[in-house]
Amino acid sequence: MNLLRSRFAQAVLILIVAFVVLKFGIRPAAPWSVLTLYMAIVLLAVLVFVSSDSDSWRDFVWPIRATLVDPNRRLARLVFLIVLPLLFGYYAYTQAAAKPQAPPELRAVHPAPPASIQFRGKEIQITGLDNPLRKDQASYKKHVAAGAEIYIRNCMYCHGDNLDGRGHFAHGFNPPPANFQDPGTIAMLQEAFLFWRIAKGGPGLPKESTPWNSVMPAWEDRLTEEQTWQVIMYLYDATGQHPRRWEEGH
Amino acid sequence: MGRGALIARPLAVVAAVALALGAAPSRAAAQAGDATAGKAVYERRCAGCHGEKGDGKGPAADLLVPKPRDFTMGLYKIRTTANKVPTDQDLFRIITDGMPGTSMPAWAVLTERERWNVLAYIKTFAGEKLKEAPKKVELPKDVPSSEASIKRGKEMFEAIECHKCHGTDGRGDGPSRAELKDEWGNPIAPANLTKRWTFRGGASRTEVATRLANGVLGTPMPAFLDSVEKPEDIWHLTNFIQSLGPDSPHYATLVTVTAVTGAIPDDPNAEFWKKLTPNNIPLMGQVIVDPRNFNPAIDLVAVRAAYNDQAIVFHLTWDDPTQSADEPAKKLFADAIALQFPPQITAGPERPYFLMGDGSDAVYLLRWENGKGVSEASANGPGKIAAIAGGEARGNAVFTNGQYRLVITRPLVSKDATRPTFTPAVFVPVAFQAWDGGAGETGTRMSVTSWYYLRLEEPQSNRRFVIPPVVAILTLAAMLVVVRIAKGRA
Amino acid sequence: MRRALTAVVAVALVAGVVFVAHRPDQAGAQGGGTIEAAVTFAGAPVIEKLKVNKDTEKCGTETAIEKVVVGPNKGLAYAVVSVAGAKGAATAKKATIDQHGCKFVPHVQAMTPGEVEIKNSDDILHNIHTYSTANASINKAQPKFKKVMTEKFEKPEIIKVTCDVHSWMLGWVAVMPHPFFGVTDANGATRIENVPPGKYSVEVWHETLGKQTKEVEVKAGQTAKVAIEMKK
């Protein structure tokens, strides 16, 4: 009998190949929870496959049943009867002895901005606001250069030289500094949102975004309105991202 | 035979695919870069620190310690050569991997081509000074690490007086420390040999041996290749240095407080504390409130903690090259450290602002200061710290060879609402602050952390010894039932 | 009584100088002349005192960084006097720097290109750290068991020598392209012998006070005196 013709062997082989591909074929490596989920789906698919008709099912179940009842396979049966309870027992031990992990910090990453803010005592309408410096195209380079200098003297320590959120203080803080290279950050946001976040920093976050834990300073204490817009321009220029526009009629 | 081949072939294919996917791309061989193309990369990525002219005077330079490299001198710290000139591969590696413990990040985000181009451009700043051909340093034959080799390395460490700068235990606290300057006249700190992950030129054995052999150019670190008793002493020294600390700090995210039935020693050097696993917490500069601290002196505190039915005891270990007390005239301040908790442990995620609270929510500080000992305080921000009357905490600190070890003891249950009561199995927010007064740190010039969690483990239960056998027996029973049913059907 | 003694001493001194001047020296024999330089500085000496926090049994508890050393009659010590533009073969004498009492001895010296012997007489760790551009910079450790190291200074330049372990240690080595040089003594005086006759400019270099030059004419068998006052 050719082993590969056996439904059981096929099922096992598919599972092994799927595991190897999922485990080593995905870069960066997927976490175990994701892997478990994928493997469960593969297992379901395999079960559907082997039970597609009754012959196939019988073929699949045969080796299992044989192990359970066949007098010639007493040894294999004995091995399973010893090994499986030990494995389950060991798993139970690892679960019981596991050290508790710090609870996850759940937070809203991009909370809705307020309609307006008080910036150094001046009211600034956030909704519908665009970067006023962009109107003056002739000075674009000048503003970006000024923004670069502001960034490197203030923001670099956390957000990194490469704007990837990997500055030298980054590994010490949770939540980690924003990665501006990530298309899920500034590219999804209007410039006015950034203005709000930079001006008000961690303490200005709404409660669902854990304002007590963010180390982002409120930069209105240090940067002027123009400087804030300049550094925003630098963020987009240096990463090649484009700010989201306000939707018409909003 | 045929069957074996059939199985073996797919397995071989799977293995080959896995290998191909998992293998890291090999480092490229040296390439000739295009300096003109490199100029554009340089001005966009490097000039902020190293300056348009390559003189290390970019707009960020004054905030950085160590200072950005001045390329005009053609002096490079990290090189694998016996002479002054580094190989292109040396420079390429630093650009690619960065320099740990400095502001130089890894530029692996640039393409290899861009890195070679920027390298070619950087070399133009030094002009004639890099004209000499690099000459590879020849390391003596490798001596693998062993107890005997480490012992010999320690002897050599003492004989060649590494401790003059690096300190007796290698924590960078030697007597010459304060005098050291680099060739640009900037103060420079000797490496803390117990924190290998901060080594500028890398922490591998070959890298450490190379630094020992040919020195660190432009700094006080001399070449030792001709100055050890026997050439292989370079490797003994390397093995000894590698034995001084772990290769990585393994930062903790949760501080576990061990349950103890008896008394907990208040001697920081007691054997009891050595048996507990340290929870390493990284500390960062405080850059929110003026004056800011971009270059914090204390970057790590190792926290151990235990509790019994009466008290909770914290054991903190951190490196500080000098023991200093308050002497404002000399710009010296008292070394200090603080643990911060919410005044009350509540169930929800809400807690006070991590930086010593704010006007609406206070924090509780358990603070130790050199010369004053342990005190308890309530803070509504870094500038608003008020001592709590009727202190219940006490402490005991020792300072040896550039390291503080401190024990703080506090009752588990507090008398009033200004300080928390600790309960087992509850996640308690905790944060840390530290000051190296000898480095001029005081007030908001400090190292900080954001909120971490601390948890008093449940008193030792025998759960983990009871559950597994029960599970095993139940599994066996279930299997026997299945076999019985299967046999019955057959 | 005292006056008589002074007179005797004065006579003896004059006699001595006359005797030295008339000594049939080799310079005359080879057809060269001698330059006697007297370097002075009108200002106050600059000597910084420093408490020592290590190796006190070798270095003492206090040390001095001698930036400007002024002797009797304003004589400036440790100035390198050389004949600019002169040509001549290297001297055979090997230069030596000793690290003794946590000081470089001599504090300043001049040499023709070649080897220099670096000694460690202190039985503690020093490191020889040179600041040079024409020659290769050196930063080599010299532990207590390494009594002598030999290095090469092959190109003319003035090299600063430091020890990072003992930051106050400072020495200077002037590598000269010719053998016509001297370093002033505690009285600010030095002699350069066997100088081929001709018109020269004499160059004086001092670590803190910089450079100055003065014209001088050297005649065969004669001594040309040159007095140079260094200014801040």
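The letters A, B and C name the chains in turn, as written, and every chain counts its residues from 1.
In this text, a contact is a pair of C-beta atoms (placed from the backbone, for glycine too) under 8 Å apart; a residue touches a chain by one contact, two chains touch by 3 or more.
Bear in mind that the values here come from a model prediction, so they are computed numbers and not experimental data.
If the chains shown are joined wherever they touch, the resulting network is a simple chain of contacts running from one end to the other without closing. Chains A-B form the pair joined by the most contacting C-beta pairs. Per-chain Cα centroids separate subunit A from subunit B by 25 Å. Taking the mean of the C-alpha atoms as each chain's centre, subunit A and subunit C sit 70 Å apart.
The centroid of the Cα atoms in subunit B and the matching centroid in subunit C are 49 Å apart.
Taken together, the subunit A residues at the contact with subunit B in this complex read 2-4, 13, 16-17, 20-21, 24-25, 27, 65, 68-69, 77, 80-81, 84-86, 88-93, 96-97, 99-103, 105-106, 148-149, 152-154, 156-157, 160-162, 164, 166-169, 171-174, 202-203, 207, 210-215, 217, 238. Of all residues in subunit B, only 83-84, 159-161, 164-165, 175-176, 179-181, 183, 215, 217, 220-224, 226-229 touch subunit C in the complex they form. Across the complex, subunit B meets subunit A through its residues 3, 6-7, 10, 14, 17-18, 21-22, 44-45, 48-49, 58-60, 63, 103, 105, 107, 109, 251, 253-254, 256, 282-285, 287-288, 294, 349-355, 358, 361, 427, 448-453, 455, 457, 463-464, 467-473, 475-476, 479-480, 482-483, 486-487, 490. In the complex of the two chains, the subunit C residues touching subunit B come out as 53-54, 124-125, 127-129, 131, 136-137, 139-146, 149, 164-167.
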